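Look for subunit A in each of the two complexes below; its partner is subunit B in the first and subunit C in the second.
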Partner chain A sequence: MKNWFDLLYVIDFISVGILLTAVVMNALKRLESCVRAYIFNSWFLSILIFFVAVKTGNPHLYVAASLTLATKGILMPIFLSKMVRQIKATHFVEPYLSNSLSLTIAGILVAIVYTSLREGILVTGFSVHILKISIAVILIGLFIMITRRKAITQVLGLLFMENGLFLAGFSLTFGMPIIVELGILFDMLMGVIILGVFIVQIRRNFSSVDLDSLTTLHD
Partner chain B sequence: MIGILLLIPLITAVLCYFAKSRKCIEYINLVSAAVLAIVSLFPISTSLSTPIFFLENMLFMDALSSYIMSILIFVSFVAAIYSVDYMGHEFDEGMINIKELRYFYALLHLFIFTMTLSIASNNIVILWMAIEGTTVVSSLLVGFYKDRASVEAAWKYIILCTVSLIFGLFGIFIVYYASAAVSGGEGTLNWTELRDIAHSMNPKTMKLALIFILVGFGAKAGFAPIHNWLPDAHSQAPTPISALLSGVLIKCAFLGIIRFVILGNESLGTSYCGRLLLIFGLLSMGIATAFILLQNNYKRLLAYSSIEHIGIIAIGMGIGGFWGIYGSLLHMLNHSIVKPLLFFTTGWVRLKYHTTEIDKVKGAITVLPVAGTVMLLGVFALAGSPPFNIFLSEYTILKAAVDKGNWVTFSLFILFATITFGGVIRHFGSMAFGKPSIAISLSACCRTAQAGHEKEKWGEHRMSLIIIIVMAVIMLVLGLYIPGFLNEMLNNSVKVITGD
Partner chain C sequence: MENLQFVIIIIFSPLIQGIIKKFKAGLQGRVGAGILQPYYDIIRLLKKEMVLSSVTSWIFKVTPYIVFSSTIVAAMMVPVITTKSSFSIMGDVIALIYIFALGKFFMALAALDAGTAFGGEGSSREMIVSILVEPMIMLCIFTVAITAGSTNIARIAEPQGFIFTPSHVLALLAFMIAIIADTGRVPVDNPDTHLELTMIHEGMLLEYSGKYLALMEWSYYMKQMLLFTLAADMFFPAGIAHNIETSSLIVSSGVYSLKILFMAGIMAIVESTRAKMRFFQLPSLLGGSFVLAVLSLLTFIMIGR
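And now, the complex of A and B:
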């Protein structure tokens, strides 16, 4: 079984899948498609952790994989879809940059990460690419947060950053004590729920979820 | 002992959420604040000499964390007492209902719990989780009034701090990786063990980790240029929460920075972190000074002043040496006394005048004799004039700068502090003196005309006026004399930071 993994570079394929779902977020016009891209990203992440668990035989990685799947793959998408339905958003993401330009910039970000991490921290372990992919996903998440106008897409960018961070932590540390992963997941879950609460408040107060209307406070 | 300290605010939060009447909630709040203050004396006094551990080394307290814990306990004690009067007044005027009151007190104690956890944690990831927890809980408190400005402030706060903390966690992962590289196998997440192996961690890795951590935790502490959430959040929150945010939370985030700077100093020598802290500190002071001059909202002015003072604390830590670190730690305490005092007094101003604009407030000393006078004294203290406590700690930091020959820091510090002195005193002076507007003096007149109403008002809000006076007295005493136990706490904390 372990030889089969190494032969087919399964783990590398899945990690590239994580990167591609993040990049493709830039090209999507509809809010539901963006949520779907996030679902694919989280499922790929959980499957990756599961395969590493099978390969190294570490029992608590199985627990980590199932926890990740439960929170990011199932609970979070349910919450996101409920929120999209509740705020009755118009279905189109309104970006500041056109889709082709943001795709290009996302590609350039990936290229920058790959070239600047050639030396420096090399991960001992199953793949040298995963750290680069995780940093690229973090940067793409940040880019999505900056260039989108709706509050919900900012939350999605934050969730992508969190996925990238989780992958980075996983690749740097091979699974930390389970309580730590549990705590991080719980914290981010709480954070996103509170963000959802505030999106409803924004809609109620400003009658739109366009973040450009949040200009009351300034100097 | 640490366990009980953590359980008390947690249990209070649950009790406050399910309590029925307003009197019940307020009694639970006051009793819990008093119990927390008394119970905390034991771990604080024992951990001054030797560290105490709990829960398989995941939580611990040493001299440094007991010092910051005592700051937290003091400010949460006075904030709990003050919120009884303040939120009670808002409840009486009908601005909030009983459900929101319950919600406020539950969140207040949950907030105190998360801050206590962040101070008492040994495991660096639990430290991160506690600070992210404070972000999540306090954003609910910042957006408490649910109007346009509060919701915008809360959104900005939670997004900016969560994004920065994600970078901070990435830095923590790199530190763990560096520790794993030292032992060739399992790394460690406990700060005490990390400090023992810090001198053999790879310097380049630590440099990278420190940049992420300084930016990540620095955003939470209020360093410029990532300070943008601070004026909005601290000005839109209810007054007791603003006091807690400015008085304790930014110090807790700075404690996180200190912990990692200690690790960095072992591995890289003190100049790298020192230079970074100096840059952030001077930038914060400069930007805060500029914005203080053009303010028209007194709560935002106090928030920018918090940015300036966290810059001063960073400068003190960046200068290093015994006196720099001593001055920086003393400044944490002094600022945590003066800033909540100012928030409390301006809270009364806001309740009386129903506005937060400096232009519209005049004659605070005549309308609110006790609170107005203490506000004016507090403003002189905040601006750094003797004989108050902030002057003493700023002087210590400046002396350390001169000893080390840091003339650029010295001159920039004095420039910014002087400009801020003028700006702050001008704005608050225009609020304190002058004739109050016709509407306010009419309403004060009418109150005295109704028999006995004036005395009744003094009796109602007696508790908060007493603590305002007590805090003002402490502010004056600490400016003239540092008591023995405080000096010992500070000496032990400096020893922890510079390494025995």
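And now, the complex of A and C:
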């Protein structure tokens, strides 16, 4: 039972999938496909936790996997796509940088993470390279937040960062106690809902979700 | 005997083109030409009289021979059905890429030599595409070469079995896009059209006729089959023979033809389901797959498999 996914490198494939969805996010032009990239990212994350749970036989990891799937894989995407539908203006991402440039920078970020974390980190969890991948995902999320014009893509960048942080914590400690995880997920959900309300309000007041127009203060 | 395996590529490459065309016709609900049609085309062209423009220099006349012979030299380097071959001493992947580049360089020169607008257009486009494609192919090859510990194609093809790791899958994806771009297939170029504004590869061949055109077309088919063979050697080497016994050679040629048919099927499916991209959107496709290739190398270094 435990042999076949060591043999097929299932865990490596899923972690590379997490990295790949974060990198691909830089190349997508439509908001819907960005949300879809986030869905894939969260599903890969929960499948990864599930496989580690199968591998180690740790019961609370099953709970963590299903919680992740429920909130990040199902609830949050439903909410996000509803938000995208409410923004009736253009559905294009409109980044500050061109797609190929931001893809290249994402590749450079991964390279930087690799060179700076080559060796010498003491990891008590199950895998050293998942830590590297998670830090790369955090940096790519940050990069998406910096270079996107629209509020909703910035929220997506934040969510990618959170996925990366979750993966980093998970790879170092085999997951936090279940109560902490519950708290984080609930916080995240609330944060996204509040941000969503903000975005809809911004759209109502300024008739665009472009954050560049939010430069002057009003009474 | 084992040194003659490149003859397989010379003889069967038009057949592969015919099979791809037949697959495409089937997918599009047409009957299509027979799979031997490329042979008939080559024979017909070889019989025809040549028309040479009076402004062309020796480059125009020597290019078909250079392209054809450089492709044959490249074919000698690639292990087709057995990894045992006397030519494997010089069978270095990087040399192979630059032998292809030599042919491409002369093709671009010859297109400029005839002095037509379409020739210049075609060669400038082809050069832009190859600038983007070459580093991509190199990176894919490096990923595989690090795994095998050698850039010799015979050594890369040697490990029997199924290499299925994250970095290999990423490299395979990038290499497929590179093959599509390098053979001028649909998202990048349309091999069946002679519409002036969109052609890339055909633009360079526009001034050729008769025997020269036959040589150019034939070397295009050979290059396509060589790239398929290279992908098969690098990414699914299972089944290739390691000795020169007749029985293993027969098994290996059966497996080889299956692999090539599989590649031809993928090409036909990609060509039938995708629309041709605008030329100025190409850098974003090829840049994306370049990042894929970089990631495959990084993943290999990062994860180690």
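In this section, the second predicted complex is superposed on the first by the 211 of 219 C-alpha atoms of A that agree within 3 Å, B and C clash if a C-alpha of one lies under 4 Å from a C-alpha of the other, contacts with A are read in each partner's own complex, and residues count from 1 in each chain.
To be clear about the criterion, contacts are C-beta pairs under 8 Å (C-beta built on N, C-alpha and C of every residue); 3 or more make two chains touch, one makes a residue touch a chain.
Computed from a predicted model, the values in this text were never measured in an experiment.
Q: With the two complexes overlaid on their shared chain, look at subunit A and say whether subunit B and subunit C clash or fit.
A: fit
Q: Classify the contacts of A:Lys132 with the two partner chains as first (subunit B alone), second (subunit C alone), both, or neither.
A: Once the two structures are laid over each other on A, A:Lys132 reaches subunit C alone.
Q: Contact-wise, after the overlay, does A:Leu214 reach subunit B, subunit C, both or neither (first, second, both, neither)?
A: Touch partner of A:Leu214: subunit B, not subunit C.
Q: Return the chain, subunit B or subunit C, that is in touch with more residues of subunit A.
A: On the superposition, B touches more of the residues of subunit A.
Q: Given the overlay on chain A, how many degrees, to the nearest 10, lie between subunit B and subunit C at the CA centre of subunit A?
A: So the C-alpha centres give an angle of 150 degrees.
Q: Could you look at A:Tyr114 and tell me whether it touches subunit B, subunit C, both or neither (first, second, both, neither)?
A: second
Q: Touch test for A:Leu103: subunit B only (first), subunit C only (second), both, or neither?
A: second
Q: So, does A:Val16 touch the first partner subunit B, the second partner subunit C, both, or neither?
A: second
Q: Could you state the shortest Cα distance, in Å, between subunit B and subunit C after the structures are superposed?
A: Minimum over all C-alpha pairs of subunit B and subunit C: 21 Å.
Q: Can you list the subunit B residues touching subunit A in their complex?
A: 123, 125-126, 128-129, 132-133, 135-136, 139-140, 143, 146-149, 151-156, 158-159, 162-163, 166, 169-170, 173-174, 176-177, 180, 187, 189, 204-205, 208, 231-232, 236, 291, 294-295, 300
Q: Spell out the residues on subunit A that touch subunit C in their complex, using ranges where they run on.
A: That would be residues 8-9, 12-13, 15-16, 19-20, 23, 27, 98-100, 103-104, 106-107, 110-111, 114, 129, 132-133 of subunit A.
Q: Touching subunit A in the complex: which residues of subunit C?
A: The touching residues are 164-167, 169-170, 283-284, 287-288, 291, 294-295, 298-299, 301-305.
Q: Which stretch or stretches of subunit A touch subunit B in the complex?
A: Interface residues on subunit A, with respect to subunit B: 120-121, 138, 142, 145, 151, 154, 158, 161-162, 165, 168-169, 172-173, 176-177, 180, 183-184, 187-188, 190-191, 194-195, 197-198, 201-202, 205-206, 214, 216-217, 219.
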